[in-house]
Amino acid sequence: MTPLTGFLLVAALLFAIGLAGALTRRNAILVLIGIELMLNAANLNLIAFWRYGPHPEALTGMMFAIFSIAVAAAEAAVGLGLVISIYRHAHTTDLDMMNRMKG
Amino acid sequence: MIEKMDQIFVSLLHWLISFLPAFLQPFVGVVICVAVIVCLYPALFALAVLLERKGLGRMQNRYGPNRVGPFGILQPIADGVKSLTKEDIVPLSADAVVHFLAPVVLVVAVFMGFAVLPMGRNMVLVDMDAGLLFYFAMSATTELSVFMAGWSSRNKYSLLGAMRAVAQMISYEVPLLMSSVAVVMITGSLSLTKIVAAQDSYTGIFPHWYIFTPWGFAGFVMYAIATTAETNRSPFDLPEGESELVAGYHTEYSGFKFALFFLGEYVAMFSISGLGTTLFLGGWSAPFSFLTWVPSWIWFFSKIMLSICVFIWVRGTLPRLRQDQLMNFAWKFVLPMTLLNLFVAALWHFLGEGWQRWVFCSAILVVAYVAMGLVEMRSDHFGPRKYRYAE
Amino acid sequence: MSVVFYILAAMTIAGGLAAMLLKNTVHCALAVTVAFSGLAFLFLELDAQFAGFAQILVYVGAVAILVVFAILLTRGSETPKDSVYSKNWLAGLVIAAGVFAVLGWAVLQSAAVLPHETATPTVTVLDIGNALMTRYVLPLEIVALLLTVAMIGAVIVALHEKTEAQ
Amino acid sequence: MLGEGILKGLAETAKNFFGSYFSKERLTTVEYPEQRIAPIEATRDFPFLVYDEENRDGGGPEWEAGLRCVACQICEKECPPKCIYIEKSKDKKLDYLGKAQYYPARFDIDISVCMSCQICVEVCPFESIKMDTKFEMSTTDRFGGLILDREHLAKSNTYYHKIHPTEAAAVDAHLAAEKVKADAKAKAAADAAEAKAAAASAVKPAVKPAEGAA
C-alpha cells in the first residue's frame, strides 16, 4: 500500500462515517457535525493529492484545502445559527419532529 | 567569554547529548529541552504567585504572606504541599472522564506554546516557519478545556463561568490576532525567531523594537488589553468572579486538579507575555546597545517577569468589569482600533523612511483614539453606568 | 506507511466514530474535536504545516466552540432518553456503507497508477502568502466577502425577533 | 480622555506600593500572635465566676470557698441559648454577708453555645458572674474541652479588678454598702434582741431608723 492510498482510505472511511452520522442522527447539530466530518475528509484528500501529486510547488491542493477550511467555518456559523433559530421556533432540535413545512 | 555566557545553555545541551549515539541525539535533545521547560515555568510560577501576593499586599498597605520562611519566601512551597495533599473531590453527578481531562488538556495546550518561543539567541525548541500560527492554534485549544471543566462539573456556577470565559476568550482572541498580524505584516514572516531578529538592531543606543513605532505602540496596548482578557486576569476576571460565581469554571476542582488549573493560568500568562515580548519588545534583544554583553536569555526572562509585575499592578488597581462592558469594549473599541492599526502599519511600510510616516501614523492613531473615546464614552452601552431610580 | 500514520489515522477514525455513536451531544462534540485534531496532525504528517495549524485554529478553536455553544443554547447537553438515531437509520447506514464501498474500491483499484513516494515539498508560509496575494487573490477576496456575509447572516438568523415577541 | 482614570489609578497603587516600604504608618497591620493591641476596658467575651480571696468558710481550695455564687439559678433560666448548667448544693455555706447560703455543686458553661450576650451578668443579684476578656480558648476536644467547669470559671476578685477596674470598683462599693447595711441590720437585730432581753418593751422604734437608712 502506498502512502497516498492509506490517506485516501482514511479519508474515504471518515467521509462514510460523516455521511452515516448525517443520515442517521436525529439531532440537527450532530447532522452538522457529520457534514463537517465529510468536508474534513475531502480536505484530507486535497492535501494528500497535493503532497504526492506531480507539482506540489504549484500549491493547488493546499490552497483548495485552505479555502475549504474557511468556507467550512462560514458554513458552521450559518448552520448553527439556523439550528438555534429553529430551536427558538419549534423548541426541539430533533429532525424527525421537523417534518412539516408549516411553522 | 560574553559569547559563552550567552550560549551557555545551548553549549550545555550540545555537550550533554554528545555522549549519545548520533541517531539518539535529536530525540534526547528535544526531551531535555522539554524537561527543562516543564520544570522552569512551574518554578517561575511559584515565584510569580509569591510576587503577586506580596505585591498586592503592599498595594493595599498590607504585609502579604510573611510567615513561611524569611519574608514568606517559602509560601509557594507550602501552598504546593497543601494542594497536593488535599483530597481530590469529584462531584457525584460530574462527568468523570471529561472532568479529569479538562485540566490535563489545559496544561498540555499551555505548555505547547513554549515550543516556538525564542527564549534567547539560538534558544528555541522548534524554529517553526509558521510559529505564530502554531502558538495561536495552541492557545485556541485552552478554550475547549475551559468549557470541558465547566460543563463536566454539572454545577451552574461552573457552567456560567465557563460560558463567560469562552465568550470572553473568543472575543478577545480576534484583537489579539489582529494586533499580532501588524507585526507579521511589517516583518514579513510568521517565524518568531525572524520577528526577534528583525528587532535586534540599534539606532545610536536605542533598539528597533516595534513598541517604539506608532503602530507598534498602539498594537502593544491593544495586545496587552487582549492578553489580560485572554488569561482571565483582573479587570477581566469575570469567569472567576468569586463574588458572583464562587470560582467560575474550576469551582468543582480540588487538590491536584485545581493546582493544575492554577498552574495553567499562570503559565499561560508567562507564555503570552513571552509572545508579547517577542512581538513588540524585541524578544531577547537588549534594551540599549551598550548592554548587549548581558546574556540574551536574561533579557527575555526579565522582560517576562516585568510583564507579570504589570499584570499584578493592574490587578491591584482596577475593579472588575461588567459582562456587557467587557463585550462592548472588545467589539466596539479594541477590534476597530486593531483594524485601524493594521492599516496604519501598512501606511508605515509604504511611506518609507523619514519623519512624515511618524507624523502621519501617530496623528491617525491619536485622532482615532480620542474620537472613539469621546463617542463611546457617551454611549449607553459603553460609558459610565446611568442609574434609573424608581420614580 | 509509518507507525505515526497508523496512530493518527486510528485517532481520527476513532474520534469520528465516537462523534457519530455517542449518546450525549456534548460528548459527540468533544469527540469530533479529537477527529479534527487527528486530521490536523495528518496534515502535518503530509508536510502541510500551514494547513494543519489553520485546521486546529479554525476547527478546535472556533467550530468546536461554536458547536458546543449551540448545544447548550438548544438545551441539548442532557443525554436523551429515547433513541438518538432517526427512524430510517438503516437506509442511512446502507447508503454510507455503499459510498464507502465505492470509494474504497476506486482507491484500491487505482492504487497501481497513483503516484508513489515523492520528494518532500519545501513550501514556506511565504510561498503560501505570495500565492494568496497573486494567483489566488480573487478567491481570497471572495472568501473574505463570504465570511463577512456569513457572519452577518448568522447573526441575523440567530438574532431574537424582538418585535414579534412583543 | 479614555484611559485617564486607569493611569490615575495605577499611579495611586504605585504610590501605595512604594510608600508601604518607606512610611511605617501605612502598614497598620498588627501581627497578632506576636503583637497585640491592649483590649479596651469594656471588652467582654465569656462569663466567669468571681470569688473573694479572704477565705471565709474554711475547707476546700480558696476559689471554692470564696465563690459569690449562691446557685440561685436565675442566670441558668435567663440564658438565651441555655448554655449554663447549675446543680445546687445540699448543704449551706456562709456568704460574704455571713449568711448561710447554698452554693453551686456544679456550675458549667458551654462556651461553644454561649453567645456572649451578658444577660447572665445583668440578672445576677449577687455580683457573682462577670464577663472575662480571655478569648483564646481553642481546644483539641470539641465537646468536653469547651465545657468550662467551676474550677476553670472561678477567677479572683483581684483578677476582676485587673481586667475591668472601673466596673469592679463599683461592684466592690456596692457590696461594701450591702455589707454595711447587713451589718447594721444584724446589729439592730442584735440590739433589739438585747433590748428585748433587757426590757420587754419600747424596742420597735429602734429598728425603723435602720431600715430608713437603707
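By written order: A, B, C and D. Residues from 1 in each chain.
FYI, a contact is a pair of C-beta atoms (placed from the backbone, for glycine too) under 8 Å apart; a residue touches a chain by one contact, two chains touch by 3 or more.
Nothing here was measured: the structure is a model prediction, and the numbers come from that model.
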Quiz item: Taking each chain's centre as its mean C-alpha position, how far apart are chain A and chain B in Å?
Solution: 34
Quiz item: Roughly how far is chain A from chain C, going centre to centre by Cα mean, in whole Å?
Solution: 5
Exercise. Give, as an integer number of Å, the spacing between the C-alpha centres of chain D and chain A.
Key: 82
Quiz item: Between chain B and chain C, what is the separation of their C-alpha centroids in Å?
Solution: 29
Exercise. Would you mind listing the residues of chain C that make contact with two or more other chains?
Key: 50, 54, 62, 69
Quiz item: Residues of chain D touching 2+ other chains?
Solution: none
Self-check item: Contacts with two or more other chains, residues of chain A listed in rising order
Solution: none
Quiz item: Should the pattern of chain-chain touching be classed as line, ring, star, complete or other?
Solution: line
Exercise. If two chains touch, include that pair; go through all of them.
Key: A-C, B-C, B-D
Exercise. Can you check the complex and tell me which residues of chain A touch chain C?
Key: 1-10, 12-27, 29-30, 32-34, 36-37, 40, 43-44, 47-48, 50-54, 56-57, 59, 62-63, 65-67, 69-78, 80-85, 87-88, 93, 95-96
Self-check item: Footprint of chain A on chain C - complex, ascending
Solution: 1, 5, 9, 12-13, 16-17, 19-20, 25, 28-29, 32, 35-36, 39, 42-43, 46-48, 50-51, 54-55, 58-59, 62-63, 66-67, 69-71, 73-74, 76, 80, 83-87, 89, 91-93, 95-97, 99-100, 103-104, 107-108, 111, 114-118, 121, 123, 127-128, 131-132, 136, 139, 143, 146-147, 149-151, 153-155, 157-158, 160
Quiz prompt | Residues of chain D that touch chain B when the two form their complex | solution = 1-3, 6, 9-10, 12-14, 16-17, 19-21, 26-29, 31
Exercise. Using the touch definition up top, name the residues of chain B that touch chain D in the complex.
Key: 55, 58-63, 66, 313-314, 316-318, 369-370, 372-374, 376-377
Quiz prompt | chain C partner contacts - residues on chain B that touch it in the complex | solution = 95, 98, 128-130, 133-134, 136-138, 140-141, 143-144, 147-148, 151, 159, 163, 166, 170, 173, 188-191
